[in-house]
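First, the structure itself, so that you have it in front of you.
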Amino acid sequence: MDKVRFGHSIVPYLFLLPQMVVVAVFFYLPAGEAVRSSFFLEDPFGFSATFVGLDNYADVLSSAEYRRVASFTVWFTALVAFFALAIALLLAVKADAVLRGAKTYRTLLMWVYAIAPPVAGLLGILLFDQHVGPFVAIASWFGWNLRIGVNYYDTAFAMIATAVWYQVAVNFIFFLSGLQSIPRAVREAALIDCRSGLRRFFTVTLPLLTPTAFFLLVINITYALFDTFGLIDLMTKNEPGNNPVTLVYKVFLDGFRGNDLGGSSAQSVILMIVVFALTVVQFRFMERRVHYA
Amino acid sequence: MARLHIDQVSKIYTGTQRAVDTVSIDIDDGEFLVLVGPSGCGKSTLLRMIAGLEAITEGAITIGERVVNDLDPAERDIAMVFQNYALYPHMKVYDNMAYGLRNRGIARDEIDRRVREAATTLELGPLLERKPRELSGGQRQRVAMGRAIVRNPAAFLFDEPLSNLDAKLRSHMRVEIKHLQRSLGITSVYVTHDQLEAMTLADKLVVMNAGKVEQIGAPLDVYERPASTFVASFIGAPAMNLIPFSALGDDGRLGLRDAAVATIGFRPQDVIEVANDNEDGDGLSLRFVVDAVEPVGSESFLHGKVGAERVVVRIDGRAPHREGDRVGIAVPSERLHAFDADGRRLDDWRAPIGTDTAKPKIRAR
Amino acid sequence: MSDAVSTARPLAPASHRPAFKWGPVFDHAILIAGAAFMLVPVFLAFMTSTHDAVTIHTGGVQALPGTSLVDNYATVMFDGLGFSGAVNGTTMMLNSMILGLGFAVGKIVLSMMAAYAIVYFRFPLAEFAFWAIFVTLLLPLEVRILPSYEIVQSMGLINTYTGLIVPLVASATGTFFFRQFFKSVPDELIEAARIDGAGPLKFFRDILLPLSRTMIAAIFIIMFVYGWNQYLWPTLITTNEDYFTLVRGIKQIIQVWVGSQIPEYGQAMALAVLAMLPPVIVVVVFQSWFIKGLTESDK
Amino acid sequence: VTEISWWHAMGGALGETVNEIATNFNASQDEVVLTPVFKGTYEEALTAGIAAFRAGEQPNILQVFDAGAATVIGAKGAVKPVQDLLEGAGASFDIEDYISGVRYFYADSDGKMIGMPFNSSAPIMYYNTEALEKAGVEAPKTWEEFEQIAPKLKQAGYIPLVQSHLPWEFTENFFSRHNLPFATNNNGYDGAEGTKLLVNTDGLKMMFAKLAAWKEDGHFEWYGTGWGDNQTPFEQGKVALWVGSSGSFGGLTKSAAMPFGAVPLPYWEAIAGEEGYQTFIGGAALFAMAGKSEEENKATAKFFEYLTSPEVQLMWHKSTGYVPITNAAYERAKQQGYYDEVPQAEIGIQQLNMKAGEWTKGYRMGFYVQIRDVMNREYGKLFTGETTVDEAFKTIEAEGNQLLERFAKTGS
Amino acid sequence: MARLHIDQVSKIYTGTQRAVDTVSIDIDDGEFLVLVGPSGCGKSTLLRMIAGLEAITEGAITIGERVVNDLDPAERDIAMVFQNYALYPHMKVYDNMAYGLRNRGIARDEIDRRVREAATTLELGPLLERKPRELSGGQRQRVAMGRAIVRNPAAFLFDEPLSNLDAKLRSHMRVEIKHLQRSLGITSVYVTHDQLEAMTLADKLVVMNAGKVEQIGAPLDVYERPASTFVASFIGAPAMNLIPFSALGDDGRLGLRDAAVATIGFRPQDVIEVANDNEDGDGLSLRFVVDAVEPVGSESFLHGKVGAERVVVRIDGRAPHREGDRVGIAVPSERLHAFDADGRRLDDWRAPIGTDTAKPKIRAR
């Protein structure tokens, strides 16, 4: 049944107004400005601008570097989302299963959430430092010459590890609450129907967690795409060089750091379109398969 | 198909309080045992210990020949039907039923055969492709039953499986469950706090109170010879009227007395209306003031008071009484129950004048 | 069969020792490993913050306590930073607090109101409004930061808390959360309230607001942490040192051009540890509400 | 009193020195009050300045780093040239007062100084004294010499050579050290239109081919783009020679595990001949933003005067390691015997005062930050074996020229 | 306190399907009207239209003298009790009750007086400071009642207020609600799908089916003279046995016939057991095969078949029958109900021999 609602009057508009105003002024205006400037090549100080049509887009899309960054972004996003979700899920399932100390674990596991991304990045660079980083030392025990900043893949590894580390806490919190809202009787029914804990997990618990997982997937993709910005900035030490960066960071590099307004606006617009498409796909196709308990 | 043996089982959740307190029950092969009692008396806890969902603090539970205390639920060869059905919301009806079998590595066509058979029995045939949320309450209930049946387990466990259904469906499913259990011949343990369900379903009835067993027996035995005031007031609807012996004062005219008698009880339907001053026969006769009249069609209930005690009287057909009426009522001596100060039944509290306890008969109107 | 009261069979008292289970041990092992995975870096951050800059510069993160604990913390807490010397750890913490609180509160107020309008009213623009707000999830501030700056500036909001906070509020996360939550509030409550004579405003104030407490707590935590941790926007939008935040302070300490100086790593770490504290306290203290808020909203 | 603002990117101890200068300035007179504001990294500070300028909220003084200079100078009307500013305020200005290497880097094609060099440094070579002793060699003056001693250093158990900033130290300054053109259009000074990089040329390719070969032989090591990542092994005493900044010695004194010294950046005798040319300055300059009132400009000029005074320059030089920008300050330091105490501190200035050539005054290219990014990326690929020298420079040239072309369009 | 007048009211949610279909009901001042019917028949929809929670598609509703179609719920001077109580979870019991009054701007001490008065009536006195979650189901129910009472409205509306309670509490609250309504004398509309509740509570009963009114009348009139097979099977538990006239064949021996008779009905408790070949008196006599026996204590139900038709028979006391028994049963002519092919009651389907419909009497056992 549809939600019972109040009739239509001036009230909803009044309630909506503040957010709409803020969104319009601080989101749509700037976003519109970004779209506009993606068609221009503009002197950063605003003295002059040349209309170049779709040139900025053409330049961006034909750039091999842009494609490399795009494909890294896809991998990065997929891997970060996957590991952050998987590790958090494992921990949440275990924290939900143990009877003793559940609350302690919960506290220990969730408070990393409170750390600022730049701080997380700072810890990341120190831990992965080529010369004195403990993780590099640990890796060398296994014969892995981990060289962050030198080797593209090693840097990618460190970025992903740090990004995952930071995101696990949030996912953990949500998964734990998701688990706790699965009806107890259903889990007990599964206990009777199925001996293997692993099988039980994959056939009953996981499907029932899909609403949470779906929501988290959206959050994690957004996180990996956008919120890892500060972390990448720190881990590449502001000098990306041959290190992997994501699309958003590239927008920042070209626009904020390099003052190429037209080029970075074009990239922003491309990004918007991609994310919008992604969101529509997520909502259309995935939510349909989600099981709401 | 197996015997179930519960041997001095206790459950302590925390501290020293026993949610289930040294309970021993034997359940024969194919028997339908009903656990009944008020909310919080430990019924579910006991059932869940049998299922393996709750650790057993003390005592042992044996299913068939095996002590199951340390076995996983899935290894105990039991099937359980939950109060809110606990269907897997993400699986179709078919898969809900097949799930337990698949995990036991049964061949696909064997699973298919069993599921379809159960679906036919339960008239679920057309629903096999639906998801639980597309089913009505009664249909869900039947799927939950189906899930238990296909497993063909040593024992069925039911935890208030009907309490989420409306009255009509409830009485319908009651008959179905009984019928099914009979035809499958599977040992069953059924938890309810509805005394009507308990009475109609049980081969053997266990009345529990505060973690302890109050009485074990055939339902009608329990009904007719409640072992305590607790059982007396719990079994039978409306409940047995219980009046402190002292309150009867001069109003009650009882042939014999026993010093231990503390409470006298009688059921609403055992009351007969008498002329105000009628004093014939032995038994109880009382003055009753009507408070409220509830006509239910084929019978009516008079709610009212005897002295300060609330009493309910059942009358066949439509009652001519109205609020405030004063009525003389009597209860034949052999229909009276007596209990001591601890609430325990007294059997020989009066000289036997003729023990014609309830001869079953069909009475002509 | 008789009316036996508690049929105790004359058997020897059942003595059965429960078998030892390995499962829980394994579970705990995983959890401890997980907790270590999450906590070791933080522990190292704290240990490192007790060393002086040169040790850290040459030796990296430190696992053992050093001697500069008091030094580092006292310096960052009380010594002036920046030109005026008026900002120190304490004032930066205050600013971070204002940013975190202002952001969280602003976000909650706006998004709750908007979600209320969208969920509880039938009006032509509801669907449009939802999407218009939802789309803001798509483009983070970093990507539209220059135009945003111009707009904020043209409104004369440079160097104000308003300019610092309000533009950050222009995203849909809160609205999204509240919408989900409101949808899970039973319909009967609004019906009962209508019969009780509550109009839209009264219903919002008397019923919905108190009911959303746990949800508000959850969102408050999320938003507070987010606001507290902002860096780029505050740097751009304020020129006055009075608005320095902790995160910006950290950046200022570490940032040294081409190694002509050794960054005060110890102080940076100390500041980082301090920067963690309030959000951590908020998270730990409100965690039950947090979990509850999320659990309830899932229903 | 007139209030003026100064946005800078000097963090840490540098920031404190900046604050000290400002405080001293404010104390030295009572007409002007200067407020310095830390605005993050160089890039962040520049962007903040640009955004503020577009909004009419620009500071009086903005610190802009070397790679961003073209953006500021290219936008005609964004800044008031220091020369005009100082002259307009009635102060005396003579470009010859400045040491040779810093005169034209922030000047326009006519030689008019636009930005006031502030924190200036030069790439110089530090050596590990112990390592040289152990190997029994001297610090090299030329790369040819380096090739001679490298095997010995390696044999002594050291990594012979490490650097910290390939685009600055081995690319830009390669051109100035050898007096070679870096870009067309007079190194870009003559306008953005049509400016092309000249990196895909034999000299530079030779330099990097050598570096790649040295790396192959274990005579050179590369630790990524990060400055510190390359400096650390030197501090740890694992490296014999490190090309860093003239401003690095302050930090090194505290952190280096061994005694060290410094020499000018080596050059190829084969290209430059007997003597190398002076190098470009690194670091940043202060620009007076346009659009300010006459009164504020006067105040700014006043501060610039103060800043360039020998006392302040000397103080800045001593406490930060950056070179003093005026001859007067340099002289004073020498007089005070500062370089006897700290000989390394003089290397940078000496290098900036070396022989000048047609191509040593500087370069001016737009979107240069991105061009450096391209270089860094390609060099990274080169040293991890993902590309060849030929390929790398082809890419740098192509992508760099495309960026220059795009930049040219922003101006018209 | 007011009359309620529902005049040809319909509700169309979407399309042309009528969830409520031209319903007209008059409710007198102080009358207790019960709407009963199966799930989905439109009871709640009708009630919600009265409350103003649902727009009225067609027709008019008058409370007192005012047509309320366009009034807000709060302006209609009604109070409503919801199935799941809809208590404000964050308010104390006191505030839950006071909230509606406060919104009406009633003076504080007047509010206090009313709340405390209601609390006394409902025995909620000690609970006033509690939050709803600290209350049991029954207590919550009473708070919901209290919230309605304090308002002293023109009419009470109840939407299945007892269906979340267990059987015992339900029967208790039933009596309480009736009692309260009586003593307050407030016009009430009560929705339920439990026929027992409907029978015991109603002054006037409305049986609905698929959006339409099937019958309006006093509960016992409806019970004794159901207007249709639908009502017959809905009111009374166990339900009336309905047998197609054709299926009676030679087994039934009915004095008179009417061509229109399509179905014959009789209630389980109207059956008498007869010797197999008994043929005396007019009425129906049938051969009945027992399927299942349900002893309920004071009575038993025999489930079984007559030919292919399922029939339930009630027997007083304990039944001696067992599965498979064949029993002769008879129903007196005046206890039979006849319906036509549309399921409508036929009244003059046989010559009147003596219309002694159900004289109320208390029968001695």
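To keep things simple, chains are lettered A, B, C, D and E as they appear, and every chain counts its residues starting from 1.
Just so we're on the same page, contacts are C-beta pairs under 8 Å (C-beta built on N, C-alpha and C of every residue); 3 or more make two chains touch, one makes a residue touch a chain.
Note that the structure is predicted; figures quoted are calculated from it, not measured.
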Intersection of the contact lists for subunit C and subunit D: A
Chain whose average C-alpha position is farthest from subunit B's own: D
Identity of the chain that, by mean CA position, is farthest from subunit E: D
Interface ranked first by C-beta contact pairs: A-C
Distance between chain centroids, defined by C-alpha means - subunit A, subunit D (Å): 37
Whole-Å gap separating subunit C and subunit E, where each centre is the average of the chain's CA atoms: 54
Inter-centroid spacing, subunit C versus subunit B (mean Cα positions, whole Å): 53
Where subunit B and subunit D are represented by their mean Cα positions, the distance between them in whole Å: 92
Contacts with two or more other chains, residues of subunit D listed in rising order: 41, 44, 47, 54, 227-228, 232, 236
Two or more partner chains touched - positions in subunit B: none
Shared interface positions of subunit A, touching two or more other chains: 4, 129, 131-132, 256
Subunit D-facing residues of subunit C, complex: 54, 57-58, 82-85, 146, 149-150, 153-154, 158, 232, 235-236, 239-241, 248, 251-264
Complex contacts: residues of subunit A adjacent to subunit B: 183, 185-186, 188-196, 199, 203-204, 207-208, 210, 291-293
Interfacial residue positions of subunit A with respect to subunit C in the complex: 1, 3-9, 11-13, 15-16, 18-20, 22-23, 25-27, 29-31, 33-34, 37, 87, 90-91, 94-95, 97-101, 105-119, 122-123, 126-127, 129, 131-134, 165, 168-169, 173-174, 176-178, 180-181, 197, 211-212, 222, 226-227, 229-230, 248, 251-252, 255-256, 261, 268, 271-272, 275-276, 279
Subunit C partner contacts - residues on subunit D that touch it in the complex: 5, 7, 9-15, 18-19, 22-23, 35-42, 44, 47-48, 51-52, 54-57, 59, 119, 121, 164-165, 227-228, 231-232, 235-236, 244-245, 247-251, 254-255, 257, 282-283, 320-322
Contact footprint of subunit D on subunit A as seen in their complex: 41-50, 52, 59, 63, 65, 129-132, 147-152, 236-243, 253-254, 256-260, 262-263
